[in-house]
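In the two complexes that follow, chain A is the common piece, with chain B as its partner first and chain C second.
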Partner chain A sequence: MMTKVKTQGLVTDLMPCIRLLQAAGHFLFNYHADTSGMNMLLRKIYSSAHAVLIVVHYICMGINMAQYKDEVNELTANTITVLFFAHSIIKLAFFAFNSKSFYRTLAVWNQSNSHPLFTESDARYHQISLSKMRRLLYFICGMTVFSVISWVTLTFFGESVRMIASKETNETLTEPAPRLPLKAWYPFKTMSGGGYVFAFIYQIYFLLFSMALANLLDVIFCSWLIFACEQLQHLKAIMKPLMELSAALDTYRPNTAELFRVSSTDKTEKVPDAVDMDIRGIYSTQQDFGMTLRGAGGKLQNFNAENNPNGLTAKQEMLARSAIKYWVERHKHVVRLVASIGDTYGTALLFHMLVSTITLTLLAYQATKINGINVYAFSTIGYLVYTLGQVFHFCIFGNRLIEESSSVMEAAYSCQWYDGSEEAKTFVQIVCQQCQKAMTISGAKFFNVSLDLFASVLGAVVTYFMVLIQLK
Partner chain B sequence: SLSGSSVFTHLFLLRCCGFCRLSRSSTARRGLSVAHEVYRALTLTLTVVYLLQECVYAYQERTDMDKLSRVMFLLLCHITSVAKQLVFYLDADRIDYLIATLDDPSYNEMSHQRLLVDASRWASRFVWAYSGCAVVTCTLWIVFPIIYHVQGQTVEFPFWIQIDYTKSSMFVVVLLYSYYVTTLVGIANTTMDAFMATILGQCKTQFTILRIKFETLPTRAKQALRCDSEQNYDEVLMRLFHDCLKHYQKIVSAILIQFGIGAWILCMAAYKIVNLSVLSIEFASMILFISCILTELFLYCYYGNEVSTESERLVTSIYSMEWVGARLGFQRGLLVLLERARRPVRPAAGLVIPLSLQTFLKIIKSSYTFYAVLRQTK
Partner chain C sequence: MMGNSTDLFLDRTKSILNFFAMWRSFEKPIPLKVYMAFIMTTQYLFLIFEIIYIVNVWGDMAEVSEASILLFTQASVCYKITSFISKTNNFVILLGLIESEIFSAQTELHEKILILKARKIKRLCMFFLVNAVTTCSLWAVIPLLDISSKMLPFKIWMPASTGESPHYELGYLYQMITIYISAFLFIGVDSVPLSMIMFGCAQLEIIMDKIGKVKSRPLDQQPMQRQAVLNSNYELLVECVRRYQSVVRFIELTEKTYHANIFFQLSGSVLIICNIGFRIAIVDSNSLQFYSMLTYLVTMLSQLFQYCWCGHELTIRGEELRETLYQSPWHEQDIRFRKVLIITMERMKRPIIFKAGHYIPLSRPTFVAILRCSYSYFAVLNRVRNE
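The block that comes next holds the complex of A and B.
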């Protein structure tokens, strides 16, 4: 029925997520097989309809907030809810205005270089990144559905009332409110009957789609980071064979068959026992002693070659020289990808952190009013965990990127660079210079996305909570 | 020159108002330069006298909270402005030197003309807009006294003056005096801020040009070879590389000219925010004043941040050029350069506080904390 669209690079890897984004109503109109005018129009109408429904319900919630702004408790609770769903509106609008840079980032990896010696490693790490991206997508989708289900379930517990402070007697009265997941103003009566059922279904739709809108965009961002991290892992893994290869270039008579078997077994590492200071235990193989490449012989050396000083044919020599070029070009490509990710999503992260900071401050205040295991406690804790979870989601992947990119330097140092050619040694030096500053994603240059950010947010919430408890 | 033209509008405004010295080359007639010196001294004395008048008024009205809060904010603004004027007055030599260095040929290469032209156009539009806002605000401030006077109500000016201004003629004189000085001070504040921001912006543009030069270094060497095939590729590469190095050294030495009042401005901004919130003042005015302070603070922090980030990107630009096939000597030269480029250039206020967006957030957070604590203890 639908012809498969030809995709390459990141788009192929992220296709399930992209389809889900299109289903949730984001203004994502590329990557379809069939781009006839009629179908595009239908898709645009679909996305606009979702956008209109969600914005209308959001405005209804805003009207409700304005109606009850004199009650402090109601105002705080409604503000938290409004801010909670502000993420969805902001991300919807952000994607609509910034879709070009999203497409550009998705297209960054369309053409990538390759080298015959390293294709196996490349494929392996690509597969790892694919499986991680899938698992992340399933997890986030599961959490979203679970949140919606638990929200709806919680609606049926407790009293569905509003707390109104009476002006004359100065005590809180309860006013009956419809038993709905969200408090919103509707132009029709929703206490019972047809209006109630319609409002309930509308709210379930709103909950599901707005949470999906916000979370799926974060999933795209984190998937990009997973991809970049696995590429860096691949580069780290091929550093050692690269050094051995370059050693073949300016030394004499290596055993070429042995050399071109890129070994993926790493039996040579032996971690030294902390108590046992016997150094001989660490260097246990001939390779570690470095006797294989110069001097005393070993299985990599072959003294039987006659005419060719390196013992390599022209094709093999070209392969050896181009390996360094492959590594550097691949690393530059990763740097470009990360820069593009930062440019695309940085502002969205800034808005997210801004809204989350205000939400968490108000939630800390709400948490001081918990007085037992009841609906109020569950809902406050639910909001807290969800908001902190959203922040944790992108902080952890941003942190992993920082760690991976700065560990490339350690990988460069821990391979046997002293046996490499002069060219390889200078290459290691230049790479170390570039990798000393870790690649970070910044929220429009205001902050860096890392676990430090999450720790500071969490610390701030706990501090506010403790101070407010004391002041009560 | 192209990079010098970015501060052209700022200097024009400052010289017209009498804050900045005329440039050496344009003092063709001694008489004109002497007259301008006198004008500059007059402007400074006028603003200082107005400031003293406001101080006396504030002291007189120290028990009336409403009037005190109105005059306090204006007083703080004027103190900041007088401080900036003093810097321009006493340090005029250093400012002239800074402007002269902008005309250096290595800052004005024709191949990057478009970037420089865009930067100067943006700088000139910005200063017109920013100073224009100040002038419009001052003009709006005299509208209300005129209306009240026409309606016959009493008008009180927020500074000490012994003349009786209930009569129309004296009222007009005092009004014009107040309008002239406040507009002058407003233009001084905004134009000087924009001037320093433009200098920082020019540094950022130069860094961008330098990055482009590094990224295209091997391709330019190959093109040069095509034109003149007698040269060696390696020699051409090294020559272009030296050229880029000298450019980099010049930019870095230009930024080291610090304006010490940057630290003063940051402190005053934080103090003003806290002060304003504590004094009782109506909501609309408070929002207006806070947004003014925040704009000034943000301007410095944003441009300082731009310079830092652009100099940090230099390492990535050098890395992304085609160095893989080049001669080992060239690669080792790159290494030494990378070692230096790894330390980003950070403009600092008073050489201590780095101008960056993180500083901006810290000042806002600290001000809010002080304000919350002060409110609790009231």
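The block that comes next holds the complex of A and C.
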């Protein structure tokens, strides 16, 4: 019987993505309702089968690359393809070895605090984050399917040949190759017939599942970042009502209207002549000296109750203090979540950037050989756009996290902190201290994930391309 | 019960340096000082002979590169041992600081942190030592394979012609003994600043653990209990601040003592790695020469990585400490706690960065930058050779 699995926190929000990851063959065995031995074994067999099929095909592509390593053009093209699919293998292995860390990050938000005053705002931002995560998932799934379809369509255009350089005449000859999306070595003949159909279907499966493996893991990472950003938005939104609450905790509350009324009348009486440099003429009333603000008995103070000048009961004071506690605990929780995300996914980002850098360098070289609107141009530009798109995907969300986390300070400053109690003011001060250092995700501390990273990668590709064009 | 921290972090270093009479050399008796001077002379002589040979064969690129595989390493070793001995005073002060009261381990967890960090740095140094000894042994074995040609392991200027024995055996022994001494001295002197940086990391982790002990105060506590809890939390925070200040002073003193050493080493690394790469490109890929060059490359890369990794660990711990301060239940404490917290967090905004030569920060991006630099010099050299 399929009972609904009880989930909470991030797992509930990310359930569609988790199910897709399980379907694609990642070694994700938690979050099932039915954990009987038979079903677990079936799931493990399913994931292992996918892993074996994908790795076997990858090795076939590797063998093909080794076979044609003497031809420069073929070698470059095959290296790019092999590196392109290295992402999937690396992410598959990374998840398999690091699944505990993923489960821990997914469980970070299982117990979150709540406060009666702020539940409505919390729910609203949670809903926004949910819808953003869904939209991202649909978009990435759509792009993956579109890429597979366009790859397969492109296979049917152009000549399906290999470029071989003839040693004697030193010109490039063409050798017929099977019309398949990927160049790989198979132990059976694939030029036509049953072998061809089998290889074609195997390659479509490989394309779809390996791209899905890599992209879905990135989607989980970006969904975590979306969640963290919306939590920070929620915290920024409740800062103002929080400050107004804690302004009621004051021991002294200036009667601000009185303050402004008194000073304006006095000032008009005391405007001096331009030549009159006698300061005593300007600073004569007690109010100008600022003495009445903190002294006893000035007309600007309001003392109409013994303990609590504004008539707050002990219960209201507790409410205000608990609101500050909610805010601080929620912010600390977000900091812990971001730290956990960085620990979990940082190394995967490092590998991704390493492989992408080499791929993009080779693609810049390939791009210099484009000589018209043909299959070669489309495939090179397709590879470029896809690789840059993958890097852009996580850079933009990393950048948003940096911006959101450092803008909390502006929100803290823009509320009426000056009306608050001493306690509220030190609270604002410590929060500003913490938020001056933005929360960043780093690739094993080698680099920070932000739009700067994307800009430097893009700049490097364009530079190599320009230099290579000049050298031709 | 754990022994004292100096022994924990520096026992292997102490035994290596004691063997060469360089540990706290000014306090040793005269015969040991003479022994130490003799060891230093062997190293300097080797360096001078190398320079003479290179000047002789200047112009032939392959010859110069073969002769200079050890030039920069040897120059580093000479500079290191000279600088280490001349800064023995600072070294003794640092040793005293390690044993001081402020850095004592107060609980079992603190001791465990110290032991773990000490183990990590000792493992790293051991890996480096094994690599270095393997490389030296490979170099020793290469001439032995072809004993009839009477080739010496390294091409340096020898004061007497080494065509016949016993001159050949003497020259061979001299070269190999000097190189082994040089490898051990390299590791011995290197592990001193590295161990001190890791000690700083351990202390920062201890502070993080202590901050975790700040007690949370429920909102409805009795006034008497409340005051006692607030007081104890405040005392704890002040103690942590004092310890942090001591760690910063300790690292500053370490930097002042060893920054020139490390700077020389890092700048030398660029040239060393570029040269090794060049040699690997020249030498035939199936010979023992190739493998000895490969192990040498691994040795130098691991040494460079050690520095950058240790320096970055320190910076990372400092940043984690700032996070841990924020994670404490500060919003339940009184005003004096918060004010101390604000000033401390303000100070910690400036990370603890260990700078070699007061200029190059030791961090992982530095490692990548040095590799990039070496690769571009290597590419240029290769291009020149192919023309």
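We take it that the second predicted complex is superposed on the first by the 406 of 472 C-alpha atoms of A that agree within 3 Å, B and C clash if a C-alpha of one lies under 4 Å from a C-alpha of the other, contacts with A are read in each partner's own complex, and residues count from 1 in each chain.
FYI, contacts are C-beta pairs under 8 Å (C-beta built on N, C-alpha and C of every residue); 3 or more make two chains touch, one makes a residue touch a chain.
Small disclaimer: the values here were computed from a predicted structure and weren't measured.
Participant: Both complexes share chain A, so when I overlay them there, do chain B and chain C fit or clash?
Facilitator: After superposition on chain A, chain B vs chain C: clash.
Participant: Scan A:Ile324 for contacts with chain B and chain C and give back first, second, both or neither.
Facilitator: both
Participant: Looking at A:Glu422 after the superposition, I want to know if it touches chain B, chain C, both of them or none. Which is it: first, second, both, neither?
Facilitator: The answer is both, since A:Glu422 touches chain B and chain C.
Participant: Can A:Phe447 be said to touch chain B (first), chain C (second), both, or neither?
Facilitator: After superposing on A, A:Phe447 lies in contact with both chain B and chain C.
Participant: Report for A:Val55: first if it touches chain B alone, second if chain C alone, otherwise both or neither.
Facilitator: Neither: A:Val55 stays clear of chain B and chain C.
Participant: Overlap the chain B and chain C contact sets on chain A and report the shared residues.
Facilitator: On chain A, the residues that contact chain B in one structure and chain C in the other are 324-325, 328, 332, 335-336, 339, 422-423, 426-427, 429-430, 433-434, 436-437, 445-447.
Participant: Inside the complex, what are the residues of chain C that reach chain A?
Facilitator: It comes out as residues 219-220, 312, 316, 319, 322-323, 326-327, 330-332, 335, 338-339, 341-342, 345-346, 349, 363-365, 368.
Participant: For chain A, which residues count as touching chain C in their complex?
Facilitator: The contact residues of chain A facing chain C are 318, 321-322, 324-325, 328, 332, 335-336, 339, 422-423, 426-427, 429-430, 433-434, 436-437, 444-447.
Participant: Show me the residue ranges of chain B that touch chain A in the complex, using the header's touch definition.
Facilitator: 305, 309, 312, 315-316, 319-320, 323-325, 328, 331-332, 334-335, 338-339, 342, 357-358, 361
Participant: Which of the residues in chain A come into contact with chain B in the complex?
Facilitator: Residues of chain A touching chain B: 324-325, 328-329, 332, 335-336, 339, 422-423, 426-427, 429-430, 433-434, 436-437, 445-447.
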